[in-house]
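All chains are identified by letter, namely A, B, C and D, in their written order; residue positions are counted from 1 within each chain.
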Amino acid sequence: MLDDLKEKVLDANLELVHRGLVLYTFGNASGIDRKRGLVAIKPSGVPYETMTAQDMVVTDLNGKIVGGTLKASSDLATHLELYRAFPGIGGVVHTHSEYATAWAQAGREIPPYGTTHADYFYGPVPVTEELSAEEIGGDYVLNTGKAIVRRFRELDPEAVPGVLVAGHAPFAWGKDPMQAAYHAVVLEAVARMAYYTATLNPECSGVSQALLDRHYFRKHGAKATYGQGG
Amino acid sequence: MLDDLKEKVLDANLELVHRGLVLYTFGNASGIDRKRGLVAIKPSGVPYETMTAQDMVVTDLNGKIVGGTLKASSDLATHLELYRAFPGIGGVVHTHSEYATAWAQAGREIPPYGTTHADYFYGPVPVTEELSAEEIGGDYVLNTGKAIVRRFRELDPEAVPGVLVAGHAPFAWGKDPMQAAYHAVVLEAVARMAYYTATLNPECSGVSQALLDRHYFRKHGAKATYGQGG
Amino acid sequence: MLDDLKEKVLDANLELVHRGLVLYTFGNASGIDRKRGLVAIKPSGVPYETMTAQDMVVTDLNGKIVGGTLKASSDLATHLELYRAFPGIGGVVHTHSEYATAWAQAGREIPPYGTTHADYFYGPVPVTEELSAEEIGGDYVLNTGKAIVRRFRELDPEAVPGVLVAGHAPFAWGKDPMQAAYHAVVLEAVARMAYYTATLNPECSGVSQALLDRHYFRKHGAKATYGQGG
Amino acid sequence: MLDDLKEKVLDANLELVHRGLVLYTFGNASGIDRKRGLVAIKPSGVPYETMTAQDMVVTDLNGKIVGGTLKASSDLATHLELYRAFPGIGGVVHTHSEYATAWAQAGREIPPYGTTHADYFYGPVPVTEELSAEEIGGDYVLNTGKAIVRRFRELDPEAVPGVLVAGHAPFAWGKDPMQAAYHAVVLEAVARMAYYTATLNPECSGVSQALLDRHYFRKHGAKATYGQGG
């Protein structure tokens, strides 16, 4: 069942390893089959080295396991909340990639300091509010997803395909699992360059709205000029 | 004698190489057989490339060599002091991994800035007091161990499986040699992210006690939800 | 047509990968055949792993495609402006290499802090003015080239073979595509060391004119003493 | 002639590549045969990938070429000055390794912040005075060596086997070429950790004289306890 999706989810998970975003069993990627309303996600605490597509766990959008013999990633409820709230996305990735995590720990959004950022994120990479003690003590993983969704109330998740969870780490998403992984990788590079920029020039205000528009729409929308498409 | 333990100690030493924590012959890992009261430890100044399990040196808890033809790591007395004081641990690792060492050199404990930290260390990673000139001039290596033990008088070594020795470098431990190495690797990653965090936001106060509790108990104790166990 | 140039342009593009300057399909290198007035450049958005010399796109100096079946790099117009304005150069490279990009984002020129810098750049690595909203909204890629050329009005592009485009990233050039790539690699190393220097000593004023002269002319001009040439 | 020394000098040069200290043809290592008063050094500007022992250039202590068909490293005169002034050394290494170079560019000596430093350098890693315009305009490479020697007037080059040349980069030395390379590698690691330490805690005063003594003499002199020797 869902063999193709499981393969894609495995590939997205391995992309995180290949790009140096994860340590040991940290991190997880998932993907959704929107027609069937089923999600495939990395199992919890299994080494990447030996992971196979058949190890992916399949659940419905309420978290009911419908396939696989392993326990799902402990971050499952966050992934599901994102799939429920953002109907345009097809993949979700969570890592503790180090620079993005540092911005999340510092409680600072990543300003759009340059065109690399603007090519992928149409504005700052936002940071969620801190969860309350009640939210942490309750359904913590679900509440993490809800904090993300709340933060995007006035943001377009397709124009800003990632977020920093305060005191925790980034989530990224995309139209499919591999694009979610790609966004996680770019987010880490953007976070790294933003770290250097902010420490070189604490007053840096970032690029103009005109540049933000130009670079973002270079790669997105009907007038995109990048790549071999169209 | 103790072939199985020697293999485990060798593997833990090689994990330090594999994860980029050691340069040349820096660093050392050991393990203990609690029933026999014997410790196996890396020999001093031997290249990792050619090291075999049979090169591991076996001593009793007083440092009397009972097996092996090489000299033990020059840090042996610190390892032994930790085994004597912390009965729950089965492995000890010492490295000069660069970010953890920088915090030790700066004389600053590593605050729990985020959930990566909280997953492994239930509170700050503490830093010992500086040794006095007398302690340095006396049985220095043993006194290093005593300074660590003193620092843990009101801390649980199983909840905080690592320490920074002021002006020196980290020690980490675990239920067995490989878990000690794992904790040393995670400590370095946590130290690296904490460095970025502290320089991005010097006022950062770290996560709440509620978050600290939640993440720590996610991976520890009867209600752990991470991994395939239970 | 231009098979030799295409091979050289491919090699320069792959040098960027080999030296860790590019992520995914980021970056691009080109070269010019001055006699024929033709430029070969990397295609847009094609993975480096599968790229061949025959994928290189050939255009004249006005951007008219005269060879190749793929779309040219979206930065083509900047490359062409540099070839038109700087008759002594034979190759151009654009990357988002992380430290050089951080200086560009911070809007700071890279001061000549040491001899590594002085061996390649005879003075600061300059940063362009920010483009106006009109320039961004108009022929943006061409205007990026014009901003670079404007910045070099009183600079010698052969003595300073690179530039930081404000809020964007570096361009570098050289007598041929591989030397342009070489300069891009050295620029990144210089930017990295300058970052450490500026954060270690914010008051650092950089090397004297005498040292700048000495190191630059060690490698350039009739009295060069470095290497096996002459 | 001197085949054994040439092999050792080649190995020391390749160690610099293997440990990531050099970019392209940057850096150089040499060694001396004290009995014959002859020095073997890396040729200038030759790629490490294709270098053979027979490419090493042999000169006497006055720089007269007595063997080899290539031009010697352009830093030869600095190496020779060190061999003439420091009779106890058998190898010299020069790199532009990035963190040590940053301290040199910042004009700051590296304080002994911890035991890693103290294991190899018995006190700060000193920085030379800046050369005057006359010294730079004159026999610059020789004058670089003289500035180092002047800086060591009251220092023991065997207790402090390295130096930072202001605005330039480090030199390191040892009893033979490989130990010189080893010291260059350790110096870079020490410089890296010192950078993190200084930015984490600008007030850090470094370790006590007692700790400096203890660690240094752990590895040096008659009472050394490290390694399998003695």
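By definition in this document, contacts are C-beta pairs under 8 Å (C-beta built on N, C-alpha and C of every residue); 3 or more make two chains touch, one makes a residue touch a chain.
Computed from a prediction, not measured in an experiment: that's the story for all the values here.
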Intersection of the contact lists for chain B and chain D: none
Angle, in degrees to the nearest 5, of the Cα rotation that carries chain A onto chain B: 90
Numbering shared by both copies at the chain C-chain A contact, with half separating same from different: different
Taking each chain's C-alpha mean as its centre, the one farthest from chain C: B
Geometric centre distance via CA averages, chain D-chain C, whole Å: 33
Mean-CA-position distance for chain D and chain A (Å): 46
Multi-chain contact residues (two or more partners), chain B: 199
Pairs of chains found to touch, sorted by chain label: A-B, A-C, B-D, C-D
Touch list for chain A against partner chain B, complex: 23-26, 43-46, 70-71, 74, 96, 98-99, 101-108, 130-131, 133, 136-137, 140, 167-169, 195, 198-199
Partner chain D, residues of chain C touching it in the complex: 113-116, 182, 185-186, 189, 192-194, 196-197, 199-201, 204, 206-208, 210-211, 213-214, 218, 225-229
